[in-house]
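Next up, some structures in structure tokens.
The two complexes that follow have chain A in common; it is paired with chain B in the first and with chain C in the second.
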Partner chain A sequence: MTAHPIGAAGFLHRFDGLRARLPGARLPWIQALREQAADAFRVQGFPTRRVEAWKYTDLRQVADAGFDEALSAVDSAPALPPAHGGARVVFVDGRSRPDLSTVDGLPYAVESLAAALEAQEGRLGSLARPAEQPMAALNTMLFEDGLVVTVPAGVAGGVLDLVSLGSASERPEAFHPRHLIRLEAGASLTLIETATGPEDARYLHNPVFEIEVGFGATLTHARIQQEAPRAFQLATVYARVEKGGTYDNFTLNAGAKLVRNEIHTLLAGPAATCHMNGAQLLRDGQHADTTTVLDHAAPDCASRQTYKTVLMGKSRGVFQGRIHVHQVAQRTDGYQMNQALLLSPEAEIDSKPQLEIYADDVKCSHGATVGEIDADQLFYLRARGIPEARARAMLVEAFLTEAVEGVQDETARAALGAAVTGWWEAVA
Partner chain B sequence: MLRIEGLTAEVEGKQILKGIDLEVPAGEIHAIMGPNGSGKSTLSYVLSGREGYEITGGSVTFDGRDLLAMEPEERAATGLFLAFQYPVELPGVGNALFLRTALNAVRRARGEPELDAMQFLKVARERLKALQIQEDMLKRGVNVGFSGGEKKRNEVLQMALLQPRMAILDETDSGLDIDALKIVSDGVNAQRGPGFSALVITHYQRLLDYIVPDRVHVLMGGRIVQSGGPELAKQLEETGYASVQAAA
Partner chain C sequence: MPAVTETIDTVQSVTEGAYKWGFETDIEMEFAPKGLNEDIVRFISAKKKEPQWLLDWRLKAFAIWQKMEEPLWAAVKYPPIDYQDAYYYAAPKAGPKSLDEVDPELLKTYAKLGIPLKEQAFLAGVEGAGESPADARMPVAIDAVFDSVSVATSYKERLGKEGIIFCSISEAVQTHPELIRQYLGTVVPQGDNFYAALNSAVFTDGSFVYIPKGVRCPMELSTYFRINAKSTGQFERTLIIADEGSTVSYLEGCTAPMRDENQLHAAVVELVALDDASIKYSTVQNWYPGDAEGRGGIYNFVTKRAQCRGRRSKVSWTQVETGSAITWKYPSCVLLGDDSVGEFYSVAITNNRQQADTGTKMIHVGKRTTSTIISKGISAGRGQNTYRGLVRVAPTASGARNFTQCDSLLIGDQCGAHTVPYIENRCMTAKTEHEATTSRIAEDQLFYCRQRGMTQEEAVGLIVNGFCREVLKELPMEFAVEAQKLLQISLEGSVG
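After this line comes the complex of A and B, so read on.
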């Protein structure tokens, strides 16, 4: 056996070996998608920091890890995180596990991509742009499975849990699920995604979401990232929102060694709304990157983005937010705020807002704050008898609470709040 | 109760307190009056333990214990309370949680059992009623969006809950209309008794019509330049601080 190829070459090598066995190998349109993605990935490789979009996030440690494809045992019964509603879909190492999932009697369709692949022609790949995003290219080249949800017009879908578990194995493994979420006119859904893995696991979770929010539909998408401490998550979300629709995304980054949370939202129809909010909670040695790309491509749309990062030890946070207001997008109302609380002199936060405005009747604002715990606030609490450590904890919690309070959906808000509290209790 | 001897303190290398001697016996309320820049607020912050003030000499004892050696939270637990001139806003911290955490921290330090949420609510409601404060104030963020009067009432509410043995009221009258002034004064007067002392720091005599002090001290240039009974406050109101300066 020769040395295990690493980097982009390792993944391309794997694709060569798996090509004929990957799902959809006999479907010409899938084959074409994968081949194009492989070409794109071959050209781009793992992005280096010389690529502007990746200036603050170095993927070398991911590229050099030498991943295997996942070989999870199907009969194992892993511990599952708490459920937030009745319906739950579980993926282990990127593969659907119907035996662990509960989707009976739902008023909408929940399928595994591997099983329903043939019917996804024209839908899969309609939003993702592998030619411009190498991790999306990697995902397209190697995806095996994913979640396909279609909520019919006018149906209130309630809460659906999407659980992703990575497992521990001898060699680090990589999985690239592709999730397709579609809400037809007037439909609604609260999707609560929890990604986690056992303490000693080392893996790459590289999901891509393609999300379609139809006319007047509302999707709440809460992403709770609690990956194993040595794991990597590189997630790319593509969302398209039609007239009067709402996409409410909140991403909580609490786990993983390195995470990139990249969201591309296209406000395609008039009076559409999008919230891209989040919190990043970083301990010593962690790196979290949130990159948002927002296209206001229709008039009278509103967007709100608030990201809050708490940094401890030698951790690093990144926020890059681009808002592109197209010429047709008159009366756009855009707001973007990035706030960081540095609890250690060794922590670092990089913030890069970017506004490109081509319409003339627009209200768009952005801002960034970086600070330590406020001395006056701390003294006020201590002067009331509250010990310093507890006072600090209260102020950090308050900072994070404000982020989560913006989430409209009650179940999602409660789930995120519990995850924040759990994180803080574990580190404090 | 509180004994200050030869206290000197600096802020950023500048000497503000230049030798304060003051004793407040148990059960007495003393007023400290003085013009702007005389060191009134510095004195209150030094006594409550705020960072940024360097004690360069003298001593402060509270019930015979060295107050200056204690952390701010220890001072609070031992029964010292500072009512802030500018109460701090704490966005994201609910007032009820804040009050309960403070009360339980102080109770724990005193060896008393902590109150659960229900027990706390019962106690808090009684105090709110006595101070004519809407219960809604418990649900809001601490001082967030409060009017000047509401902030000061919230300070008095904290005092009523924590039951200190000594309160320092730093310009508590500033920003209050006459109705709020009465409510705040009633709150302080309700605490009056052999186990409660107060140091009322004020620029104006007005507050002392409602909280009648046992003694009045005039602070100027970092020193107590004159002391007397309540009539001294009235006299200052008429003649101004300049006359004291001339006499001193």
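After this line comes the complex of A and C, so read on.
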């Protein structure tokens, strides 16, 4: 048996082998995208901690894992998480499973990328920046499938579940779905994404989202990350919001051994709004990194970010948030808060909020706090006869609820609330 | 600096809008050849009659420096520096023994800088001048560093009675080699960073302070730095040791002539506070900032760090940064002793094309250590102002506490204000808080002032001073007056 190349070399080796068989191999524009991405990935490889954007997240354990491409059996019928609305698309190991999905009668188009690839010229790759983000380069090089959603102008899309399942296999598998979401003028959609896998599965889930929120459109994007305990998720979201549009993202990181949740939002049109909220719930041995990059590139936009991290055992949480206010973006209103609660003496939190401001008529602020459960609050509850364990649980719950409360859409808020409560009940 | 009232007068009498300390003194200087190599390091060491161990220490630093790369992570832009195209040693020729012998140009320089006549005599190195009757004001002992060498230190004898050592570092190498050897490079090691390594190899002078056990220094200690000669870099090294239970307040001021070329200033400051000791270090940095188009000005690449080694020790940094074309400076505290305290108060102004990337590092190691960071950045014209700071809490620092506040003010739409804090907490019982805001001067505040008959510029000056109040109130009183004036001058031409 020949040695299996690992790290960046392993993925490049696989790309060389698969090149002719990957979807779109006969489309010159896809080929060009993949080749450029491969060049970028060849140069950058897996980022080391010497790269500023990856200062606190070491990808060595991901690079060293040695992945195979996914070979999921078509007839497998995995258990699915509960649905939040009627419509649901299911991906197993990054591949669309129409047999498990329910998309009939929707007032908008839901397609699989593999099937609809030819029509995505100019759309696929319009927002992702593989030259600057090695994981997006890896995705571009090897993506096979993904979700393509287009909500026409003025259509209220309701709730759509996106379920991503990893499966257990002998060797760890890697999959790199590419999801394209487009809301035309005045459209709306609530996209609830649940990523999970069986207890013993080891895999790398490396999705890239390209999201376009049109004039006055509203997208609620709830990401519930409950991957298998030994799995890795490296997700990169690129969103562009036009005039008067709203992008409401909430990311819950509860599973996986290591997760990086990177969100790039561009407020491209005036009076656009963006909410990026999230919670990271970490148990012993977990590493979760949320990195946000927010570009205020038009005047009169508002942005709100609240991120909360609860750390137990020997876990490590990372928050990096950059707000860039361009010179044209006068009357920007930007706010960012990240808070961490340390419940263990072995936990570590690293936080790097960042403001980069080139316009003068702005109101921008950020805050960051780290601490343990407040002794006064605990005392207050105990003085009222609440046992210590219960009092602690209440305070942690209250801490987390604040982040979830910022989500505007009721269905998404309820789904996230349930996931948070479920996590806390499982660990407490 | 006691010079304040005079300085203000000087400032007011000069025409508006220009850098007031931009004159050049034409005195006879001694230079080492241009460029940097081992021979220059040996030359400097020989000039200073240094012991072998110090020469070896410098050469080691030089070897480290040669292998290092210039840091490029700061949010500042400048053309590459040619380290071979500068003089690393420049000194006024032969020191005077009486006032008559003093180069009159040197005296004139001090007069222009607004240093009172009495002190001019000390600074000119006139023997016995330190024994003149006490000033009506609170006396301040001054060490003046002119280009590469310390020209004089005042009040030496009076301080000597308390056992306080305050002299130039080259003198201390001769008179107190054991202290230098014990402490030099223990806070900022030779290989700490590119500029610190360069400084370690070629530092020419600076101040040395030692406060013995239990002594409260009876007066403010002050060093006055000036770059005068052309094409010189200034590399001073300051070392302050506060022994158990002692207290000292130290002030530092800096100016340079106006030139079209950029000059390099790469200083290292090391502070050591032992049990129950307290050091207050204040800086008013007013190096030449370059002209409105960004020509000339000082590159101020400085490493300042304090170690609170003792229990209950305290170090407080206060800085007002108005000068320099580029500022790259992060006065830091390593809080080793239990219950030790670190503070950082900063005002940084960038106008025209100035760039400042400044902040602090607070490293919590000891139990119940506390730190406070208050940073006020003001950007005007095409200035770029970055706060960059690190708060790191080690697992050992149980009960540690940090509070950080960074506020930025933007004046005009061509400037930038940036905040880059790093918070790394590995201790459950520690608590860290950070908040930052960015805004411009509110229209209603301006309107209110204008309505009461103030000019636009006066109104902005008043508001900016209010914005900086939390920091300015930390400065020794006389310094604070000067700093307020400086803020106003620095913002001239940025309004309306």
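Some notes on this structure:
By our rule, the second predicted complex is superposed on the first by the 428 of 428 C-alpha atoms of A that agree within 3 Å, B and C clash if a C-alpha of one lies under 4 Å from a C-alpha of the other, contacts with A are read in each partner's own complex, and residues count from 1 in each chain.
The criterion applied here is as follows: a residue touches a chain if its C-beta (ideal position, glycine included) is under 8 Å from a C-beta of that chain, and two chains touch if they have at least 3 such contacts.
Computed from a predicted model, the values in this text were never measured in an experiment.
Under the clash rule set out above, the superposition-derived model of chain A with chain B and chain C shows the two partners fitting side by side.
In the superposed pair of complexes, A:Arg60 makes contact with neither chain B nor chain C. Residue contacts after overlaying the shared chain place A:Asp350 against chain C, while chain B stays out of touching range.
Contact with chain B, but none with chain C, is seen for A:Ala383 once the two complexes are overlaid on the shared chain. Once chain A of one complex is fitted onto chain A of the other, the partner contacts of A:Met394 are limited to chain B, with no touch recorded for chain C.
Taking chain A as the reference chain, the count of touched residues is higher for C when chain B and chain C are set side by side. Aligning the two complexes via chain A yields an angle of 70° at the C-alpha centre of chain A, spanning the centres of chain B and chain C, rounded to a multiple of 10.
After the two structures are overlaid on chain A, the closest C-alpha atoms of chain B and chain C sit 14 Å apart. Annotation: chain A has no residue touching chain B in one complex and chain C in the other.
In the complex of the two chains, the chain A residues touching chain B come out as 375-377, 379-388, 390-391, 394-395, 397-402, 405. Against chain C, in their complex, chain A makes its touches with residues 52, 327, 330, 340, 342-372. For chain C in complex with chain A, the residues that touch the partner chain are 73, 395, 408, 410-440.
Per the touch definition, chain B reaches chain A in the complex via residues 48-51, 71-73, 75-77, 82, 84, 87-88, 90-93, 97-98, 101-102, 105-106, 109, 158, 162.
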